[in-house]
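Here come two complexes built around chain A, the first alongside chain B, the second alongside chain C.
This part shows the complex of A and B:
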């Protein structure tokens, strides 16, 4: 068991290293850079030629453009290992600080949405698989197909237009109002929930659909298992068969996906958070990519990668806890 | 003759398939005597498992009972309501399924699965239920302390089968139906399992009905035999009658085709041809295309299962000309 843990940790470490290196070089290969954008801006506002504007911008940010890429790479690796993610070019504050501010919002919205989606979706999926001939099946399947196929930012936009712009039931942007004090107090929590409602819905509406489909497929295959018909023949109560024979076995497969979804949540949903201008990880991701803010971009990438890897590791261990067959051997 | 515990009358079971309806069990009447060990023997696909499923009402979704009655101690099983049926199952008739290897929930310990079977039927304490489970595990020759807290994947196939037999006895059923209980087990395990079943039958006096395609399986323990061919029962009788005084060519062919380990295999005569498709069964006697006694009349008249004395029934028009040599 010890060796298998060490092995997994080692593999995770190598994966993080590789992913870091790839993102470093890929981001540098993206066309355009932040100075280019800023120089264009300066050129227009000050009416000077582009070359001059570009040089001025570089001078302002103290960027030695001649630094070779491999030197930048090693400097970056060294800093990352020491936990320093660099300074955002656009925001002029450390990436660590930006992430520390953004993470709670993303975790707040995403964990609520994922739990809601998973619980409602898998419960519905099991019920549909269990009672094959109800009206619920075609209804839920149609719902799942439509919401699963619709891009989430379109759902987000629709929600925004209907409930925030037209009906004015919910705020258009932000995570909380200026008139509440952030902290552990009831008005603030209520306010944060109020602001988070639409983003949560934008996540959960398609989420439920996806989990319905996954869980239904899984439950139907479990229903064909001999131990389910044997449980019926033993005259066990229907409730017990549905929950502890079908449900518990059917949830094993979707459970792994749940862990991975949780991991990738740290990256935030760029498009959803951008639509609601919700200051989570995804929002800054969108900004960083748009502005070619390398340090911020890499910091966010690192966190997403770390999140997924951590979640996969966690999924392995949790899986062993819910499936006794995995517990031994490893 | 003992009182029948199960009486099947004119049972017809069909499966809906793309080509229409397949009549898998065609006009079957059978009595299973109380307190005895009956074997229902037939080739794969002859409908023997379907009879079991009809008794237990566990037919697959495309199967249905077209007509007929199934009486259990005189009570018609087909008219039971759902909750009555649930209570009836396992309490009156317990089953050991084909491929029983997979009939345990992989993520629950065995003790828990046994205990919940008792608790869903009887109002006893968990402790009593566990005690009873342990006693039964011991009865089938397992070590309760080892098995109760094990998950199904932690014990061997033979042990699993014994667990399932122990589970089938949890509610003191009046009858035990065994559907190919030894499939997928090695010969030695098969032998011990059948010994265990035979012992249980003698010790508890429980009625047993075993469905199998393997005649040698039942020879030692069964005392009554029903032979099935292509959806019909062709011969029923006490085991000695069937083995030494059969009057049906299919039974004789079946017995002649059993290979023995020490005998000369070349002297064994398999029945020529293949069992017919049930979508389009042969006219008259369904065995006539493969039978060496066939006459013109066999092609036109469906032989009825009728008594020829000595509690022996046979469905052959020429039964009096046919004997075990």
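This part shows the complex of A and C:
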């Protein structure tokens, strides 16, 4: 167990380091066209020669051009370790501030979606495994394969077109209306939930199908266990066997993959948040890439990778904590 | 001569039997047949379509957002261009990227995984570490960063950028399978017989992994399709105006076609095509899995 944890941590650390390095050199390799236009801007507004303006612009974004690349690289790594992610080129505020504002929205939507999808999916999965040969089984299979075939951003777009544009039941974009004050008050929470409904559905609709299949498979394997037959032989009520014996044991395996699903949600958040212009991390990520806003892009990339890695680690720990066989085996 | 001839005809006979078994399975399985039909339909559309359907990208504002008619099967878009022609011409691009990316990813995955599993030692250790790291990096964000940084313009480079981040899972599985195959008697026998590594890899290992590789090819193609259209949809690599993802991007983010009730055909056509093609590939993939792995069938 100990060695496997150290190994995982080491791999995670190397991954983050590599990802940082890759994005650093990728962005440095590029023609600095955005800095060029900014320098022109600065030259005009401040009445200084272009060379000076260019140097200043580069200095603001920590890209002092005179220094050799390796020095810039170490300066960048040092800043990142100290938690300084630089200044956004487009928004003119620090990347830390943008990310701090964006994270809660992404976590809000993703955690509610996971919770909903998991509860509904595993309940349906257990019922289907328990009562085979009902109409529910083929229906659920069809649902799972159709939602699996549809990329999540298409589900999001269809939801947007139907419920926001045509039926006007939900807002088209944003996380809350201007007429509510952000904070811990009921109108704001209600308004935020109202705005988050379609994004949550866009995650939950495909999520349910996956959970049904995992839970069904897990429950079927539990149904073959001796303790279930023993419970039946003891004449316990069906409902009690289904919930306490089958459900509780079958849910362990899907439960451990919750964290992984959360990680993959973070990775794919850009598409769904962009469709709903929902101001989470993914939305700003898409914006940063479209605008070639490198500091913001690097900051968000680091956070996304960090989140996914943390989720994977968490999944491993959960799995080890729940399944004693993994704990012993190492 | 006779011996060689006999061997070939034997092989042909085996291939013939395989194909017949395949077709029989697909005939008995309605879902698999439907999937195969959809997949072939779209491939046909991509290969032959552009020669049959003429693409005219001149703008005619007076004809914008026309409903479907005989002249325009799917109606017209926001500047009066035929939607069906765009879908047909876009299919080539979308499907080419999906299949090329899958081809690259599977090739890299098989070579890397095979190398790691067969050679072992420090080569295996290094490759396994690389695979571990690649598996942890979330693929879509890094594909976005790469696509934005390299300003790709052609199907081959975009396929390559997708493939770099898609081979690791397959490589790990191939490595594991080769490690387990190496313990089996027939490989040991081949080694004892002094047959070279080349023979063992090409004639003994690869054929045993072929079914697995084929299924993974279809799966990777699905992933590449979703990812490439997603990148186009976000407007990161808008290199072809008729690509389905670019059409979606134009409908949703650029032209506001989704807010026009008559623009519904423009918004929905590319999305429906993606869903249908994806569904076709999904059915084919699970059918192939059932053909190669009869245990799955017995369970149902």
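Please note the rule applied: the second predicted complex is superposed on the first by the 235 of 330 C-alpha atoms of A that agree within 3 Å, B and C clash if a C-alpha of one lies under 4 Å from a C-alpha of the other, contacts with A are read in each partner's own complex, and residues count from 1 in each chain.
One rule holds in what follows: a contact is a pair of C-beta atoms (placed from the backbone, for glycine too) under 8 Å apart; a residue touches a chain by one contact, two chains touch by 3 or more.
All values reported here derive from a predicted model rather than from experimental measurement.
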>> In the overlaid three-chain picture, which partner chain does A:301 touch, first (chain B) or second (chain C), both, or neither?
In response: second
> In the superposed arrangement, does A:275 touch chain B (first), chain C (second), both or neither?
Replying inline: second
> Does chain C touch more residues of chain A than chain B does, or is it the other way round?
Replying inline: C
> Should A:23 be classified as contacting the first partner (chain B), the second (chain C), both, or neither?
Replying inline: second
> Is A:191 touching the first partner chain B, the second partner chain C, both, or neither of them?
Replying inline: neither
> Between chain B (first) and chain C (second), which, if any, makes contact with A:245: first, second, both or neither?
Replying inline: first
> Hey, which residues of chain A end up touching chain C in the complex?
Replying inline: 11-12, 14-15, 18-19, 22-23, 26-27, 29-30, 145-146, 148-151, 153-154, 157-158, 160-161, 165-166, 263-264, 266-268, 270-271, 274-275, 285-286, 289-290, 292, 297, 301, 304-305, 308-309, 312
> Taking the complex as given, what residues does chain B use to touch chain A?
Replying inline: 56, 58, 86-91, 94-95, 97, 99-108, 116-117, 120-121, 151, 153, 167
> What residues on chain C touch chain A, complex-wise?
Replying inline: 129, 132-133, 136-142, 144-146, 148-149, 226, 229-230, 233-236, 248, 252-253, 258-259, 261, 264, 267-268, 271, 274-275, 278-279, 281-283, 286
> What residues of chain A sit close enough to touch chain B in their complex?
Replying inline: 225-227, 229-238, 240, 244-245, 248-249, 252, 322-325
